[in-house]
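Each of the next two complexes has chain A plus one more chain, namely chain B in the first and chain C in the second.
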Partner chain A sequence: MAEQSNEVVLNIQNLDISYYTRAGEIPAVVDFSLEVKRGETIGLVGESGCGKSTVAMAIMQYMGHNGAVKSGTIEFKGRDLTKLSEEELRQIRGKEISMIYQEPFSALNPSMRIDQQLMEVPLAHEQIDVKEAHERARQILTDVNIPDPDRVLASYPHQLSGGQQQRVVIAMGLLSNPDLLLLDEPTTALDVTVEAGIVKLIANISKKFGTSQIYISHNLGLILETCDRVFVMYSGEVVEEGRIKPLFKSPRHPYTHGLFGCIALPTADKTAAPLTPIRGQLPLPHERPKGCNFAPRCDHFAAGVCDQDDIHMEDVADDVDGKHRVRCLRWTEIEQIRAEADQSKEAAGIGHEVLKVIDMQKYYSMHDRSLKAVMSGTSVKLVKANEKIDFEAHESETLAIVGESGCGKSTLAKVLLGLETATGGEIFLNGEAIHDVSVQSRSNSQLASMQMVFQNPSDTLNPSHTVGQQIGRAITKFGVEHNRHKVRDMVMSLLDIVKLPRDFYYRRPRQLSGGQKQRIGIARAFAGQPSMIIADEPVSALDVSVAAAITELLMDLQRERKMTLLFISHDLSIVRYLSDRILVMYLGQVMEQGLTREVFQPPYHPYTEALLSAVPIADPEVSKREIVLEGNLPSVLNPPKGCPFETRCPRKVGKICEEDRPPVQSDSENHHIACHIPLDELRQVEPVIEVPDAAVA
Partner chain B sequence: MRRFWNSFKRAGLPAHIGIVIILIYLIAAVFAPWLAPYGESEVVDPVPWASPSESGTLLGLDQLGRDLYTRVLYGARNTIALALGITCLAFFMGMVAGFFAATVGRWVDHLLSRCVDIIMAFPTLFFALIALSIFGTSIPVMVFVIATLDATRVYRISRALAMDINVMEYVEVARLRGEGLWWIMRREILPNTLTPLLAEFGLRFCFVFLFISSLSFLGIGIQPPAADWGAMVRENGVAITYGIFTPLVPAAAIAVLTIAVNLVVDWFLRKTAGLREEY
Partner chain C sequence: MSEATLNTATEAKNPVSGLRRIIMMIGLMRESPAGMVGAFLVSFWVLVAIFAPLISPFEPNATLVPFMKPGAVNPDGGTFWLGTDHIGRDILSRIIWGSRTVLFYAPLATFCAYVLGIVMGLVAGYYRGWIDDVLSRIGDMILSFPVLVLYIIIISTVGASGLNIVIAIVFASGPGIMRIVRGLVLDLRNRDYVAAAQTRGESAWRIMLVEILPNARGPLIVDACLRMGYVIINIGVLGFLGLGLPPPDPDWGGMINETRQMALIFPHMTVIPCIAISTLILGFNLLADGMRDISLRD
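Showing the complex of A and B:
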């Protein structure tokens, strides 16, 4: 990606890292070797608990009181970091090696101005005066593409948006002109369109500054967009490494293969080519199997081969430029086995109308009690969380609501569920009006027929009750069954449906993993045989392989039970995979709606176009047009007068966008776009994502 | 029960000492009539402050010639039973009001919180003195007054704890299931606030118990001839000037129980902190 020299900045050889706890030694990272050349970007990818952050901490030599490097060397520009004193390390940290964390708002000190925080770095490491430090701070902010750096310098962190904060953090990391930059999931906490900007910035850093980078992420698509080489980690070991394109094109290790089967690439389809989740679970560090760590979950496991000795990395012959290595004994044989059986599933027919929303509005009033506001008569401000929402959902249909944070999708869910009542408009569920019926006054059947699956599985289960109690209560409360034994039997069959063992009945939430908790959450939502499920980002808090399993579970349940699924998400790749129709929202308004196929093809709404471009795709075959949105989401308190997207729109026409509400134009019976640009002109737009025909077939 | 026993075994020496002392006090309180050699207000020998050797009793006699050992045993009965009752009542009132305020919110929360603020604005002893002089010094009045005073503190804690729980998604799930207020308070919020509240219960118990003793010392607590440690310290206080140890015995009884309860509470608090780490 950048001009690289052959100078090796970081050289890690045979690194073993262990944590020492009361339960004994826990090996966190085993046999890890890595070479980083100047200007090169290395990706570390893997699911939670695979040891990728531990590697970063080891490079910083900052592992807490119970972690230690057991053997191996970490050579940074010729010096072994494991042998340096605390004082020497302090000189290196922050100056020659910088680290950027996941959450920008906790990396910045909220009580210091940005200029003070930025100036600290050069003042601490170099002999320069305040004036020069300030100049350097200003320069670096310009370099990371922050508009209006002087205003940012004089601000406190809370006055900046998440994306700007992360840019400031990256600027801070670059300020001492480090040789190595460690990025630990730097965009996970950000919105997709903001993420796209940061990713572009990161990809340009090495070009601009010649900095080597190690990029840690669980997202294969982001790795593809930013890195030169990638290391795939599983359970403390690197299972595969290589240059990015060959590895993405033909992964060799069964785990890498499994990962690609778990993510919704543009070629995946919920009926023709469904996701193939990796079965089983990540082994706990002290329960790793003998031989290959992945063996218990591997389809190609051979007894007597894979479960014997520790397995070492082997070179894959077909790649000369940059090693492609894999930790698998059978990688040559596996390739032939891989002509897989047809896994296609039957499509469910879409039935009658279940939910109808007509012109729904939800306003919140904000009270400003300051004297000035009261005097001028502006003490009550309306927050228009939802404005004129119009859609319907049918039996066995998946309707996706897409948008970034603050677009009003969660408010919409709350209104549908009755946690809030609508300010205006009408909502019908199975023909009954529910827009002004709050949850307290809904009948049991109304409550049972619409249930919710939440984003964060650990918050949705009461830690004090057993799994059986929680599901059982839902069954009795919805009046499905009252006999204790029958309720128990029903809970058991619900556990079967979500593919959990029956003895989970007696478990408490803290004994379960994230994916298992989410399954319980789904089982509970199904207790009353609902006709509609609202799923608010149900998989975004889960690891890739777990998310795939949960997605497939939801799809299977939908096929069996013909329920309507309202899927709320910001991730267009998963939405493309599972939804039949899509509703794109921005700042409380529907910008575009239509069948999935229609939304993913021109004519696009300019916002949809940007969203599509922002989603990282982990397939080097797919080409994507790059659209990076400038600016930030406007405040809901003070939205633009005309089109809500006007402030960031790359296709803005002119005055008309600022002053008039965009008209809703219909491309077909289902496909509607709210935009001032004529449809014909929008039809001329090139598609954002191009999938080569070979991949589709 | 077995889990409790296991964690008890690992509780450490201070907690074990605390629990043993509390058990001894409880046995003394329950079996006082059988353990005591004399009646509660029986005059053994009308010699005030007779020493153990003079009177042939274990701890000597008090200012009216009653057996001090007997009085201490009966005092345990009155004081502990009353303190326990008051603490339970205070927790019931405080928790119900606190959970209610946190779950319902809005003006109910404001109203309850301001009422509590008003009561808390008065110094407790001062408030109790006024209330007891208005309503008269009877046991039910005293129980109610002290319980109300303590309920304000319990209210604050349980409201804060319940507010944290109330925003959790599992409470939202319960609402979506159509659960009523009482169920949400009792089944969703209560179990998840129990450990910190239990620790608070131990502390509150000590305060109540000391408060009763100080009211009795002022003469408006438990009325004679019923035995109470606070009253016993007051009645025998003069003796200290003659170098007689009698008032020190009930005083020590108060001090030792307070320390013991605190040792156990410390263990509870450690256990809660440990639980948090596990999550």
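Showing the complex of A and C:
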């Protein structure tokens, strides 16, 4: 992307890193080699536990008391970092190599002002005075596109939004003009539209500052947008490396293939081309198989070949595009085997109406106890978490609710489940009014017919009870069965349904992996034969291959049981893949709703347009129009008077957007857009995502 | 596509039974030397209390030869290994029988205080709102009294007896336990599994007792061990102040009180019950340390 010289900034050769624990030596990274040239951005991609963060820690020489480089060299500008003293390393860290972490709010000191924190860097590493340091801090904030740098300098971290905090952290990393910047999942904790801005900034860093970067992520789409070369890691080893475009176009290693099969690219479709999860699980570091680490999960495994000696990297190509290497003995043969069987699944017919929500409102009252508020009579403020929500859902249908944090989608789920009751409007589930029936007063059949699958696998199961107890309790509670033996049999069959072995009945949650916990959570939700499942970001905390498996499980269950799925998510690529209809929410209001293909084509609501543009797509063939939203999400306490999106809208018309609520305009029977811009004008907008062979749903 | 093979016929047994877990606990304890010492001290005193009738050389209340030094021989046979007190009772026997008193009332009082504190803490933390305000302010009021003053007021009003000691201790430590439980519940009530139980329509008490409380057990067990130590101190102090168990039954605190005027001439009469109290408290404190070590490790 940027101008690159041939100067090698970082040269890692045959690096082996191990952790030493009570269980013995655990090899975390094996046979890792990497060359970073000046101005180049390298992507390290892989699922959790593949060793990508360990590599970053090794470069920083910061591996804790039980980690150590076993062999190999890490040469940074000609000096071997593994041989430097602590004092020499201190000179390099933060000055010549900077690191940026996942969570900006824990990377900044909450009790120090931003200017103090930024000035620390040059004051510690260079002989300059406070005034000059302050000037440098101000300049760097301007460089990372922070509007109003003076206000930010005088702020404390909690006064900034997540996106601004991450910009400050990146600025801090760049402040000493480092030669190498390590970014460890720098946008994972941010909302998509904010992420898009940060990604754009990162992609421009090397151009602007000539800094080399190593970008660690599990998201192939982000890697494609930011990096020049990519290293795919699996179980402590690099399995494939190469320049980004050739590798993404024709991946060679079965694992890389598998990863691409797991993500919802625009070409994937839930019936015609479903996701193909990688079977099995990542082996634990001390249980890695002999030979190829991926062998037990590989469709192309050949006994006697793949399970023999350690496998080394082989050259696929070494041409103008640079090196493309792969750690697979059979990569030449695999290409021919790749013609796959038809995996398409039968589409489920959408049935009768299950849920109807009419003008639902949910307000919370906030008590402001300050003297000023009490005196002026404004001590009670209404927070409009949901305003005039209107939609219905049908049998066998997947309805996606899309929006960023604070858009009110979780409140909507709470109201539907009865954890909160609606302030106004009506909700009917299977014809029964439930909008004013709280969860305590719902009948067993009402409770059983709507259940929830939660986001966080580590939180969804009670750590104190066995899997069997937790699923069994749901069965008895819903009055499905009371006989102990029959309950047990039902739990066993639910375990079969979610494709887990039956002896999980006796396991406790801590003995399960994230994906397994999520499966148990699904089994528990299915205990009462629900007609509707609310899934709140059920896969966002999971690794791609596990997420694909859970997504497919939900889809299979829907096909079998004809349940309605209310899928809450911020990720439009997965939503496009599995949903039939989409509801786009912003600040508690529905901005646009319609059938999936309608929402993904013009006319768009300007917010939908921005969301579509923000989603990273891991396909170099797909071109995308770039729309980066300025500003932050307004506070729900003080929302804009007119259109909620008015403060950030790139297509704002003028005064009317600030003053008046936008009218709901109907493009078709199902497709509604709440915007002041006339539909005809919105129809003129170019599509955001262009897929070359336009024959994609 | 499944993450593990399908295994329909397996009828596995519960892998970890109750007894196995206790053995595992002891095994883990081995990794914390402090915890090992604590466990040894506590189990020593527990064994002494259990086998008191077998190992005590004399009747604890029998008046034999007064003012005997440790190791002196009883003319009627037997040895006063730890001497006798001012009215001729064998100190070793009284220590042995006294361990029964302390190891009966201290756990009983701690247990009752926990029942009260857990119920109050669960209710305050789960319901929040006015009920939390009321319970917390009552707790604050009790906690703002110096504990000793509180004990003296209670016992001197209702009279000294085993039951009243328990009541006084429950009254004084209940609010402290409530605070801890409340804090833990405030965190745990926001977990998804609690939300899952709510969407199942579980009753509030079931959620508090079955879904929340078991997950708060780690810190509570450690605190219970520490608190046991304080309760033993308090029982000792009450005995020392003459507000303990009515004589003549042996009570460590009371033994110190009865003999303190002679402490300079016959130090063994006071020092020995002091040592008994300290070792038992030390035992519980070290045990708590050890359990904390283990729980912090993964």
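What we mean here is this: the second predicted complex is superposed on the first by the 689 of 697 C-alpha atoms of A that agree within 3 Å, B and C clash if a C-alpha of one lies under 4 Å from a C-alpha of the other, contacts with A are read in each partner's own complex, and residues count from 1 in each chain.
Throughout what follows, a contact is a pair of C-beta atoms (placed from the backbone, for glycine too) under 8 Å apart; a residue touches a chain by one contact, two chains touch by 3 or more.
In this text the structure is predicted, and so the values were computed from the model without any measurement.
**Q** Which term applies to chain B and chain C once both are placed on chain A by superposition, clash or fit?
**A** Aligned on chain A, chain B and chain C clash with each other.
**Q** Considering only the touch criterion stated at the top, classify A:Ser513 as touching first (chain B), second (chain C), both, or neither.
**A** In the superposition, A:Ser513 touches chain C alone.
**Q** Should A:Asn444 be classified as contacting the first partner (chain B), the second (chain C), both, or neither?
**A** both
**Q** Tell me which partner A:Glu552 touches in the superposition: chain B (first), chain C (second), both or neither.
**A** second
**Q** Once the structures are superposed on A, label A:Asp496 by its partner contacts, choosing first (chain B), second (chain C), both or neither.
**A** A:Asp496 sits against chain C, while chain B stays out of touch.
**Q** For A:Gln139, select first, second, both or neither according to whether it touches chain B, chain C, the two together, or no partner.
**A** neither
**Q** Between chain B and chain C, whom does A:Pro463 touch in the aligned arrangement: first, second, both, or neither?
**A** Touch partners of A:Pro463: chain B and chain C.
**Q** Between chain C and chain B, which one touches more residues of chain A when both complexes sit on the common chain A?
**A** Here the partner covering more residues of chain A is C.
**Q** Residue by residue on chain A, keep only those touching chain B in one complex and chain C in the other, then list them.
**A** 417-419, 439-440, 442, 444, 447, 451-452, 454, 456, 459-465, 473-474, 477-478, 524
**Q** Can you check the complex and tell me which residues of chain B touch chain A?
**A** 168-170, 172-179, 187-188, 191-192, 194, 278-279
**Q** Which part of chain C faces chain A closely enough to touch in the complex?
**A** 1-15, 191-193, 195-196, 198-202, 210-211, 214-215, 217
**Q** Looking at the complex, which residues from chain A come into contact with chain C?
**A** 277, 279-281, 417-419, 439-440, 442, 444, 447, 450-452, 454-456, 459-465, 470, 473-474, 477-478, 496, 499-503, 505-506, 513, 515-516, 519, 521, 524, 546, 549, 552-553
**Q** Show which residues of chain A lie in contact with chain B when the two form their complex.
**A** 417-419, 439-440, 442, 444, 447, 451-452, 454, 456, 459-465, 473-474, 477-478, 510, 524
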